[in-house]
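Two complexes are shown next, each including chain A; its partner changes from chain B in the first to chain C in the second.
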Partner chain A sequence: MRSRWWLMAVSLAASGSQAQTNGWNMPVGVTDVSSDIYGLHMTIFWICVVIGLVVFGAMFYSLFRYRHSKGAKAAHFHEHTSVEVLWTAIPILILVGMAVPATATLKNMYDSSDAELDVMITGQQWRWRYEYLGEDVAFTSNMSTPRTQISGEETRGEHYLLEVDEPLVLPINRKVRFLMTSDDVIHSWWVPDLAVKQDTIPGFINENWVKINEPGIYRGQCAELCGIDHGFMPVVVHAVEEEEFDGWLAERKEAAEQEAMGVDREWAMDELVERGESVYQSICSSCHQAEGQGSPPAFPALANNEQLINDVDWHLDRVVNGVSGAAMPAFRSTLNPVEIAAVVTYTRNAWGNDTGDVVQPSAVAELIAQ
Partner chain B sequence: MAPKLPPQPPLQHSTTAVADGQSHGHAAPPKGIFRWLLTTNHKEIGSLYLIFSLTMFFIGGIFALVVRAELFQPGLQLVEPEFFNQMTTMHGLIMVFGAVMPAFTGLANWMIPLQIGAPDMALPRLNNFSFWLLPVSFTLLLSTLLMPGGGPNFGWTFYAPLSTNFAPPSTTFFILALHIAGISSILGAINIIATILNMRAPGMRLMDMPLFVWTWLITAFLLIAVMPVLAGVITMMLMDINFGTSFFDAAGGGDPVLFQHLFWFFGHPEVYIMILPAFGIVSAIIPTFARKPLFGYASMVYATAAIALLSFLVWAHHMFIVGLPLVAELFFMYSTMLIAVPTGVKVFNWVTTLFRGSISFESPMLFALAFVVLFTIGGFSGLMLAIAPADFQYHDTYFVVAHFHYVLVPGAIFAIMAGVYYWLPKWTGHYPNEKLAQWHFWFSIIGVNLTFFPMHFAGLAGMPRRIPDYALQFADFNLLSSIGAFFFGASQLLFVLGVILCVRGGKKAPAKAWEGAEDLEWTVPSPAPLHTFETPPVFHRTSH
Partner chain C sequence: MWSVVKSVLAALLGVQSNQKREEDFSSGRPAAYFVTGVVITLLFVLMLVFLAMFAAR
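And then the complex of A and B:
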């Protein structure tokens, strides 16, 4: 699976990189809206440059020409009504000229009707959850840059901080509507090449849409301060040909069904620990740290945590329902029962927490259903 | 009380006898700390404000340098993200509420009575109280950094629910500190309005007032209008955090976007509170050193008033991506673009004042000219940000950071420094060391542009603000910004040195310290004695 993505990334690098690698200016992007916005940006930029040249030109001419040290004698005029009216009126005309195309673009950006696919984007501290509405496919997308690269123990890769474990996959040439919300604080989902930046706000559902013209890998980040890992919440979008997307979606649907069946069977401890470790590293370790040592007082240690070791029900409840008033979110809808069972089993048997407890996915599913 | 003195003719040379604050014929003020705790004199309180502001400028500056040091290269080297967020937050709060606003209030205290021919502020005891609230407020605010869970870490805009349900326990203290600072601002504003409206020299109409007085009058009304809104919004936060309400908590039926509407209804006028007095200072300095009356005095006043009125109608341009309805986006886009018109009028007026003048380049003038150029660049990026569709790309990136630092650092802060260099001869009786001031200017101008210009590119290339670590393509811009920041920070020590040297001695300044200066403050001796204009001066209408 992963190697296939990698191949695709390489094959698409040529088409995708052109829009991404201009490191000085706003990207033109790969949608009609993004190039409209780029056009507006450059228009207003050149208007400012021209006004600047005129104003600063007049200013520096005066500074040079009328120097006291060269014996300049000051004139004494101090008002001139027609000039003042003129330089009030001309800027108004320029602004009207600018407002017309901006209004048209904005209207277009607000028209999310006739979408062929709806994707729900949910911001969570500090990951994105994507749900293909009506397709029973949903997953979370975490930053995959290892913490060792951040700390500098390992060489930083090409896409440092802008790489995820599960990218959002979208078809090109189809209008995709985004429905955006948040489970905790306000985040902002942003991909510069798509010119989509929209706050995800708890209790609100915002709309935006995209119709991508070129296949490629498009990277962005959370744009609204959302807590300690705000800087580590990247967005990666893989835009693929329509047929490839349909194939991918069907594959994911099937995998989701498999996963759902996994809830009913008995899992061995090794299986759960292995699964749990990967869940822990992608979801939990940003707060509770890689070795479960935590970062008190905000983020308690899990290793050698007496209460956790002694009370499996309490432990499970914290993961499923969260801790109100603290940073610990409820994972009942973010993680599936298999993942919750796995991560609880893992934490109960890692770093010297040798409880030997095994929590089965079926028990978690029952707890969530209550 | 002392007997009333007859009006004094302006002295050409100062006497050092008054330099220590003793004025002939007045009872000796209390000695030591009590003199400063109990003073009701507008000049002493003005100095206290300015010293406080300078202290906060350095504290906030150190916080900024922590941020820039961490961003010097990719990766996390010096601080954890948690502390990084506290630094960005505290830097913003300290600079806005602790450095820029008190500096303008300090200048207002010193200069408004002198410029309108009043003996003091209208409410001297209130004046003392509004100053001494500030050290209390900021001690409390800074102490949150030492509390368990750390200080505020949610950005100076403290958006709920990050600042309520998800905030550190110290947030309640942050709210209290902000309340106290807000009360101080409101009381200061009331005092300034009362002074300007009631205590002008006989014969001085409103349209005769120097522009610094005008801009401050309008600023004071803005303060009175919006500080209560800030007080309201932080009180709602307080309730949400401590008393179980849900103003901003969606889970309890509240509305996180309401927070942003309320905050920016305060916040946008607040931005103009930090720039209008700067317009006033620059409008005093440019005519002085161009030796030519200000062009378009009346239009300057109307433009200032227009900017102030528009500032109430543009707040949601900070919220273009929160999901406002289309009509709202359009309204706020148009109204924001309109602000360019009166602002443009001001810039055109300054440039036309220079045209056919007789211009010299002393340090106050250098800072004022740099203000005109660099503030205008900040205005241009502001105009770009006003274009709502483009703002979907600019919003919350370093482009915004570059924009508001251009209007606040070489904008507000350069204007403050221009004002300080301009009025130091009046305050101390000595000219500041011109060579030192020029070094300070050129270092500052290089530092400020090296710090903030690359941020435009970083933002356009896609770097979000408020992140402790960044992708590799932003590394060069950040390297330059960090070098610039340390250079800028270090060069501000020259400013402190210049001020200290000027207080201690230097070339003696006459009453009219600058050849082209016209306003009333230049008719009293330099240094200005502790008590001035005890008998109102006779105001002679000048050219405007």
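And then the complex of A and C:
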């Protein structure tokens, strides 16, 4: 704690009336850790500025004062032990002086103990999946910027490439622990205002944590090149008051229960098609394209695909289990049975695939359970 | 002995006077410098380990 005060005193003195986020500097952020990091950054920045001024000042002054045209003569001596010791010792002291507060901050950053809420964050090509552990609430968060804005057919919105269909909702004033991993390649979950930038690595679980001080909407991006749509997997965090969060979570839990019940009932075709279209556009269209035309040879067309039209079981199996060794992911654990049934029904009845087939969620649930 | 330790410490810091360097090279056995060097390096490493353990508490 003492080093924290020391750090704050130095950074306050050093930064004076620093502007908040003006685009030129890193943000102060909305957590204690983020302002510690900002303070460290400014402290070290000003130390560097002072060193630079002293060293270059002395150098330029000597160059000017003892210039050749004024008849200056160079001194010829081989060594000066005490000066050498001095200019070795001073940097050591400066480095150790910077290491003390930096270590204190790092220790704090990595201490994710005593969290009140655990959220699992999973990177997927190309979206984020959030799971509130122990709460039965989970969803994927997809970029919601329309493709027409990206291709330039439409003017760009205010949060171009930084908006999602379902943001991660977090409470303020509570310590939230993140468990971070990936389903496919390395991604990195980065939100500057929360001072979190953590790689998500398949087969590993990294930990991090936040305790947000102010409600608001905080935006970030995937920060590890992860494939063709790397630029299209933004992060949006909604930080809300605690009561609002509890209400939201209860609502989502109820919705999840409703959804689970939806597996058992018989669904009508147009219900499934409507649901399936939205699943398709947010999840599948990045590879199989908006009209199911694919982009062969890498991504096969689903429209007018003979094998698909002739064989429901094969079609369903591809979507549930994926194609190992190819880029087609298995959706058995990332989409729920209703969504899988919906997207399969939709693809069997869209773009001229007029099979008339209806795949029921209950059948999908059975297949997944096998 | 003390002169050897002083030279090794000077090497650790990276600063040594030419006069002392010439003395070192004209007198004393090399083995003494090697052994002292290894021991002091080990002590330095142990000190860092101890510091890190202390900081991690």
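Keep this in mind: the second predicted complex is superposed on the first by the 314 of 370 C-alpha atoms of A that agree within 3 Å, B and C clash if a C-alpha of one lies under 4 Å from a C-alpha of the other, contacts with A are read in each partner's own complex, and residues count from 1 in each chain.
One rule holds for everything that comes next: a residue touches a chain if its C-beta (ideal position, glycine included) is under 8 Å from a C-beta of that chain, and two chains touch if they have at least 3 such contacts.
Predicted model, so just to flag it, every value in this text is computed and none were measured.
When the two complexes are overlaid on their common chain A, residue A:290 makes contact with neither chain B nor chain C. Once chain A of one complex is fitted onto chain A of the other, the partner contacts of A:363 are absent, as it touches neither chain B nor chain C. In the superposition on chain A, the chain among chain B and chain C reaching more residues of chain A is B. By the document's definition of touching, both partners, chain B and chain C, reach A:78. After overlaying the two complexes on the shared chain, residue contacts for A:350 are found with neither chain B nor chain C. In the superposed model, A:88 makes contact with both chain B and chain C.
Legend: residue contacts after superposition of the two complexes on their common chain; A:256 is shown touching neither chain B nor chain C.
Touching of chain A by both chain B and chain C, each in its own complex, is seen for residues 78-79, 84, 88, 103, 107.
If you check the complex, the residues on chain A that touch chain C are 78-79, 81, 84-85, 88, 103, 107. By the touch criterion given at the top, residues 74-77, 80-82, 85, 148-149, 153-155, 159, 161-162, 165-166, 168, 250-251, 254-257, 290-299, 321-323, 326, 329-330, 333-334, 337-338, 340-341, 344-345, 347-348, 351-352, 354-360, 369, 372-373, 376-377, 380, 383-384, 387-390, 392-393, 395-397, 457, 460-462, 464-473, 543-544 of chain B touch chain A in their complex.
Of all residues in chain A, only 22-27, 36-37, 40-41, 44-45, 48, 51-52, 55-56, 58-59, 62-63, 66-69, 72-80, 83-84, 87-88, 91-92, 95, 98-99, 102-103, 105-107, 109-110, 125, 149-152, 156, 158-162, 184-186, 188, 190, 192, 195-199, 201-204, 206-207, 219-232, 295, 297-298, 325, 327 touch chain B in the complex they form.
Remark: chain C residues 13-18, 55-56 touch chain A in the complex.
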